[in-house]
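Letters A, B and C mark the chains as written, and numbering starts fresh at 1 in each.
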């Protein structure tokens, strides 16, 4: 079968189209002037500015915090629910799946404004913006966490493993956490990484619910947009590298999993 | 011997989360969309307002237009890219998938900014265009529907291609060989066998792309702020910002957006279900006639 | 009273009744097989004994104790599954020691038991490996070891060899038989492969649609199936309708010597290896159109349709007055009768089983 010549060309063209804006941003962040064909004045001062700005570091930490919390919460919540579904009520799996797919249809701005309009004037703890933000992110990543956990459970044939453990004298709960969970851990972590990059890159939910109360890195970015162009590109590169780092972890885990399985 | 159903307790956290942050907000939005502002009762006034006011009509049209066009172009590029990978070697596949995964995260504000420095008023490409005398570049207005489209197309491509690449794996070599043995060309193969086999994947991907573009907020906001009418922009305006809140009207907008997102999925399903049956029954009719 | 007793066990999944009034006994130390096609309920019965499924009605007695409502973990029963179900995140040793550790047995005793069972299943040297690094046969042996080390009252095996290739199956069948002989443990085996059942079992229980069709020792089941279903399942019986049989032997009435006088008789089964081909050197085999009977045999004029070789067994397909008959002979000679060749067949009347 002949290998078509046009194949690699297409790939290269598309890759260039996709990579150029990214590269441009990088270039923009390390040059102070670009009014001619080529930029002038290589400098790293914009990065220095960035790292010496305390509010950037703080916003970054907030972003990390608001990514980690929902992931852990959602993972636990879904695992517990799947425990019941797998062992006792397999008939309910359909409904859980539907509940975990709805966030796709109400993603982004819809979810953000729905939660805001419902709880902004609510009594007590329900009006706490950080709580609302966490809860909303939990639901936003629900499809991805559920999908990852569900396919891992399927791949490892969880019901059969639990039965085998039972026949050896283990109770069901013990079997689930001692036998099933360790084996789906890598699948869970991969979904977690995907969810983390989603939360990292989200603007609309953070802006709508967090706004002035909880300034995340993306909100910081938006504000920088109107200040300095080069600083903005520096922020973008830092955030991009962070997201890249997360993806690399997920990728190396996937490789390890494939080697094991 | 009845066993106590203690295990049901493990479902509670899930139910709490989903009820508080998914079900209740959803229901409230739907109900609120039918309530008049600051009063009790049921009304369709908000929906009427959306479809009769120029501002919101424009928002709906723009959203659907931008989403549809970016989806179609996105999937066309994805098809070509996935096909290239399918016909290429594993090295090419690995390289392309890496590039795609890398750039799939590049969306929202970062993407808008990148295009501003490329094609904005003083963008690099615009400057080069001025110097080289290429009016297409020097006169390019990023802050228009065309500019928006270009940016939207950008973030549709990685998503679409990553979704399409695995579907090509389903196309078996033997099919191609059978077609060429029967005397068909590569073109014949793709039009008669390949594309029909890919149809479910293509339709499914278009749904995802369409929903993705419809709901996109950050990219449009970063580029055009509130100056361009799109449903998510108008929607967010009703709840956040300087002007007073219009919760009920905003809810109606949200419902319209949701309906649009679900609509394409339903159309898809209908096409997929009908597809083969349609051709079979029409063929049968022809036979009966002869 | 037997070691294991199923009493009037019924089990349904929704509207589908899978087990109907099952009454079955297994003696201590027996290797009993539940045999039948897919969906006949044999695996379900096994799982009911294990406690993984609850019975709708009836009771299960094990070693004098009614275990019907008990949790699987309290039943002291071992089980080996078709897909092995080894724990992927644990080594062979950890897999085997899993149950022992749950019982909080002292470490050195665990070491000893694990070592002993590894010798028993012939897995020396694999103790530190992970399941994914082992072959199918090795994985199944780990599964066996894991259950055996618990010294259960009964060992259940749910089609454990179905996922293996033919040669490996033969090896493991021999291993299982050896383990049974060495340990004397009561085993309940489920399979759809009748050859496997024949090789391994002390007793076979043939299942049909949630009920037991026939039980017995392998040879009895093989030589004396009681129903058409049993005959069609076991061995390679020729199963004929009564009318076909009558037409073949050429008489309208019943013949005298029968093993079983079953009324009403609807089918007749004949084992292929009991059909003899008379030596060809009687030159007057041509022209014998009518069947003749001797006192205890039928003589049947036949035409060869075709022949196939199964290993060292030659299977002929004959046409006897419009009825197809298979005959198996050990391929001793070099002669292969071609299609169209006319022969005389002879079969003892008592080998024509009426059912």
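Just so it is clear, a residue touches a chain if its C-beta (ideal position, glycine included) is under 8 Å from a C-beta of that chain, and two chains touch if they have at least 3 such contacts.
Just so you know, these numbers come straight off a predicted model, no measurement behind them.
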**Asked** Which two chains have the most contacts between them?
**Response** A-B
**Prompt:** By CA centroid distance, what chain is farthest from chain C?
**Reply:** B
**Message:** How many angstrom lie between the centres of chain A and chain C, each centre taken as the mean Cα position?
**Reply:** 54
**Prompt:** When the C-alpha atoms of chain A and chain B are each averaged to a single point, how far apart are the two points in Å?
**Reply:** 19
**Asked** What are the residue numbers in chain A that touch two or more other chains?
**Response** none
**Asked** Mind pulling up the chain A residues that touch chain B in the complex?
**Response** 1, 3-4, 6-11, 14-15, 17-22, 24-25, 28, 34-37, 73-74, 76-78, 80-81, 83-84, 87-88, 96, 99, 102-118, 135-136, 138-139, 142, 172, 197, 201-204, 207-208, 211, 218, 221-222, 225, 229, 232-233, 236, 239-240, 243-244, 247
**Message:** With touch defined as at the start, can you tell me which chain A residues reach chain C in the complex?
**Reply:** 156-157, 160-161, 163-171, 179, 182-183, 260-261
**Prompt:** Which residues of chain B touch chain A in their complex?
**Reply:** 5, 7-8, 10-11, 13-14, 17-18, 20-26, 28-29, 32, 77, 80-81, 83-85, 87-89, 92, 95-96, 99-103, 105-111, 113-115, 117-118, 122, 124, 127-128, 131, 154, 157-158, 161, 173, 176, 211, 215-218, 221-222, 232, 235-236, 238-240, 247, 250-251, 254, 257-258, 261-262
**Item:** Contact footprint of chain A on chain C as seen in their complex
**Value:** 50-52, 71-73, 77-79, 81, 83, 85-89, 98-99, 102-103, 130, 132, 143, 146-147, 150
